[in-house]
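The letters A, B and C name the chains in turn, as written, and every chain counts its residues from 1.
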Amino acid sequence: MKLDLDPDRLFPVDPATRDVARALYAGVAALPILSPHGHVDPSILQADDPFGNPAELLIRYDHYVTRLMHAAGVQLTELGIPDRLSNAPVASPREAWRTFCAHWHLYAGTASGYWLEHEFSVLFGIDRHPDAGNADALFDLIQAALTTEAFRPRALFDQFGIEVLATTDDPMDDLAVHRALVADATFSGRVLPTFRPDAYLNPAAAAFTQNVARLAEWNGTAPASYEGYIEALAGRRRYFVDHGAVSADHGVLQPLAVDLSASEAAALFARARSGSLSPAETTAFAGHMLLEMARMSVDDGLVMTVHPGVSRNHHTDTFQRFGADTGHDIPVTTTYVDPLRPLLEKYGNLPDFHLVLFAVDETVYSREVAPLAGFYPSVYIGAPWWFLDAPDAVLRFRASVTETAGFYRGSGFIDDTRAFLSIPARHDMARRLDATFLARLVREGRINEQAAERIIVDLVDALPRKVFKL
Amino acid sequence: MKLDLDPDRLFPVDPATRDVARALYAGVAALPILSPHGHVDPSILQADDPFGNPAELLIRYDHYVTRLMHAAGVQLTELGIPDRLSNAPVASPREAWRTFCAHWHLYAGTASGYWLEHEFSVLFGIDRHPDAGNADALFDLIQAALTTEAFRPRALFDQFGIEVLATTDDPMDDLAVHRALVADATFSGRVLPTFRPDAYLNPAAAAFTQNVARLAEWNGTAPASYEGYIEALAGRRRYFVDHGAVSADHGVLQPLAVDLSASEAAALFARARSGSLSPAETTAFAGHMLLEMARMSVDDGLVMTVHPGVSRNHHTDTFQRFGADTGHDIPVTTTYVDPLRPLLEKYGNLPDFHLVLFAVDETVYSREVAPLAGFYPSVYIGAPWWFLDAPDAVLRFRASVTETAGFYRGSGFIDDTRAFLSIPARHDMARRLDATFLARLVREGRINEQAAERIIVDLVDALPRKVFKL
Amino acid sequence: MKLDLDPDRLFPVDPATRDVARALYAGVAALPILSPHGHVDPSILQADDPFGNPAELLIRYDHYVTRLMHAAGVQLTELGIPDRLSNAPVASPREAWRTFCAHWHLYAGTASGYWLEHEFSVLFGIDRHPDAGNADALFDLIQAALTTEAFRPRALFDQFGIEVLATTDDPMDDLAVHRALVADATFSGRVLPTFRPDAYLNPAAAAFTQNVARLAEWNGTAPASYEGYIEALAGRRRYFVDHGAVSADHGVLQPLAVDLSASEAAALFARARSGSLSPAETTAFAGHMLLEMARMSVDDGLVMTVHPGVSRNHHTDTFQRFGADTGHDIPVTTTYVDPLRPLLEKYGNLPDFHLVLFAVDETVYSREVAPLAGFYPSVYIGAPWWFLDAPDAVLRFRASVTETAGFYRGSGFIDDTRAFLSIPARHDMARRLDATFLARLVREGRINEQAAERIIVDLVDALPRKVFKL
């Protein structure tokens, strides 16, 4: 089946509206990519080694891709993921790739299918849809491309037009890779670390006690000292700021902030280290630390991003065999208005404090997130994330928030990806959808075309720069 | 007012997109009807008697239809439904029909209005909308048609192109009707029973204790024996399997699975029979039995369908006077991720176990159901059900689940109807909407037309066959 | 930038569908305005004084407008709102207006921006979008218009074609203004009071005890008497009925009805007056009083409107400095099915009882409100309110409720505004959107054009007259 990327893809089907969208898109298609939050490993840019093989690059680590094959009955070992609890044979990259190509029809209409199609066509010049028959030829074609200079990570970084790329990093990471990239005169891209402290804040995290000990050791204070713990977190944040970080990211089940006194917090902290907190106390302490993170963001200027609402590792057996990020993180009902109130009461009105609220429960957009962002100068609406990072979901998002909060309370597009090759496809998709949404409003007489031309440039460029203090 | 069925109904308004939809629909319009879940009484097919009269056939038992007139102030007795608590006069079929025709404008834009219009036009050749003036003439016209051979149930079954029709049956039903249909050489349709054990599993059901006793008697075990109870349920399921059943259906308020030990369950069972469980214990036992049903499905292969989220018989006085299924079952907030987890932890990864999750709270589609079905090989996304079984709701559904789960994790269309005459209208509607949704994606450059042609055939034919093991 | 109101604004972009919408709209564009719920101060009509200045008229009191500037970092004092806790300078009207014009781009795509654009163009003949450069000129232009006879409140009332305008009033208001308007032979408009008793029913209201005392004093009964309290409320409702009121409005966090015995209620009432109720008891008493209000509506015929789901005054500091209605009322998750059940069990089936259910959590439309209104003759679906009173939200609403409840279970459009000048813009918007929604259904072959012509007139005229007993 022919693969033929439609130059008008994602534009409205009505011809006159499509014309408007095409013109709006043209004004932003070539703007540099700002990626203030994502999960690319910075060492691939430091080393600049060729990528390994098609399966490792496009399948093995992309749980958006592996999950649909898993749902179709494919074992994760058949996709090259080893089973920690058995000696089950693990497919070779070529075998995994064949399995993927044979299941390509599963991706029709999905976000992953859309991005992969873009990558196949634009990056590799592929003009046939994958199938069982052409799997080997496609593997060889991509493999051959990956050995060329043009497909080295830094060359792609330039070709993609990436101006800023933020990574996501452990608070105790020494950021040597980021330092090396800054020091490297042959690389001019901005690669920024992001402070991601979940496992240091939530006593339910597996390594909480060890993480607390690592913080204390670095800080030269006693592991039992709550003051030392707070001081160490502030210190590590400062370390990240000194290495170019602009934001701290928080993955929480619910966006709960709890205002404990220092003595209450210290008492819980002591028992948290010994693992003796009740579930309610664990939640309270983690909520308290979210509030502490907001306080520190007010102090050090790091943008606070919150990614709530995902029940992680839903299938325990799969988690034990294959680890985290293997496709069974599932969204749950989320609410922001009451849980976040202690935080917003304290810091919500401070305009230099930036709080970006993401969501995977799309009911919150019109009900909670847009109204909050339409009042609090600190609150920005995070771009649709994860399962919602797809054309129809993005347009639903825009329609849900714009009438309440306008265009200037959003975060700008966030790719949030670990799939380096998908970055241009994702940003291009976002720009097309902005054009599509604006074109409809133009044609419905709700904004004029001149205003739309300004707005789309602001959405792509000015907003992420401002919100993430780039 | 003229009734003139638009051959392009439900297709997109944009001309070029409409052309694509029309072509896609043409490829599936005449495919046989697979109806793996519904509420048609099989004895109408066994007896093959003429239908009684228009009011009984189209109004009296269709609570989608009676409810809107009730909301407009019409008494249910005026629609032919007797009041068990009073001697209020009950309208004759002709009087009920007149009332319906006088209220026909209430159905504009509704799903019921759409189906009835299809039936009036296609089945009866009616070319005027019902109104007070033509009520008697329409009654006579339909009544006359019902007396012809062509309107006998079996003739309609053939004319409708029904290949498979599943009924919904009590676990203690002897299935004599189904047996008779199989044995009848003059009838070639497949009419399959479905195991529907709610009133045998939930101690809150009115007849729970009697139902348990009936199971025990059949099984030859003591009513007090929990082991006998479990054994009898498995035995009745096997009986249904032996009579062609492919699925077991579960109507629950919330899709809660609870993993009790056998001794805990037995203890609750003992007290359930005496009616002494607390509400929490009732919920726990019913949740345990949902998990037991999953275990048995793994054993006997019956597809497990779950229809959660409806608060039944909301208005007690109406329930007491007119019985169940009289229009006041109302959806409530539903969630699947945590409640179903014990079941999915145990059986979710087994590909031969099929679990179809329906919903009437449409917020769960993008948030929970599509993500679950996009990972667990056992989980399939139930077609939009009940209040959501209508054009705009179906398109919202498709847009909510496809980007996450693709096209191959759905159940295929389920008509779920007790209105035999509406079956072709409903399946035709579903096919038109599939064409409409796919046509938009084709025109937005997200799938190509060749892929869409394959997908729509799979949606209509391959998926229900696979999911329901037909 | 040119401001040029599109005569086809809000109509569908597809040309043939747009034609249908345009024709449908033409049939209702000039119908009189029925506004059965809103917040206009009736004394402006009694006094008929010229409006003060552009900032006071269009910005200062419109928290939809101030909130987006506040989110952009503008202090409320800069918009002319005094800070009760400081002597911070307060901007003059002209300064506030300049600030607004400089931030005009924030309103692109919002409901407020749409209404203001309509007002600027239609009322004032302005043909340029506001900006920092033309702020003073626009201020002067509007100010000059406001001094003319044509811009007096009564002249605008006539020019707008308002037939009925309901206000919202305190239960102890003597309604002298309403009486004076009725007595004034030079004013022929109907201006009706609305009974709004929240602060007299909910013990959590700041002035509850004083309000109870005021009721008792008026009634000549002891403040401690629960019977007297109930009698006084019924008496004040009667007083409102005698002054033309057609409805009683209830703003509640959750739509909870609680059925207490008179003795239980009296016991809680006694402790409510002394402020010693627990939160749960407060909720129970307020829920009981909601049920009492329904009972009284059955008696006195006042339509019962319920506006649930808003967390008021989310930012305490802003509330203390600037008061209520300053932009930080935020919607929360709402549910109706279980909480309202005691009320619907008792009164839901009475067709002369009218209960209009509004929502700001749009998930309830398809799940709960449409199904309830599709059965209970008392229940009507409130028009989308507050954050949902905008084009895309309104179309989502229509698509969510119509397939279940048809067109005849809605309240008709409710402007709910305190911005007098926005009334025609809002009703015009609603009529355009009704035309847009119906036109799509016509073109999709779901209703015929003749039916649509009748429906749109009913939506604009017959329904609000019937639902609000005008």
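Criterion: a contact is a pair of C-beta atoms (placed from the backbone, for glycine too) under 8 Å apart; a residue touches a chain by one contact, two chains touch by 3 or more.
Here the structure is a predicted model, which means the values were calculated and not measured.
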Angle of the C-alpha superposing rotation, chain A to chain C, to the nearest 5 degrees: 120
Interface residue identity across copies chain B, chain C - same or different by half: different
Computed distance of Cα centres, chain C from chain B, in Å: 40
Chain B, residues touching no fewer than two other chains: 14, 363
Chain C - residues contacting chain A, complex: 1-2, 4-6, 8-11, 13-15, 67-68, 70-73, 105-111, 113-114, 129, 311, 314-318, 327-328, 330-333, 360-363, 387-388, 390-393, 396
Chain B residues touching chain A - in the complex, by the definition given at the top: 12, 14, 16-17, 335, 337-338, 341, 344-345, 348-349, 351, 363, 366-368, 370-377, 379, 399-400, 402-409, 440-441, 443-448, 450-451, 454-455
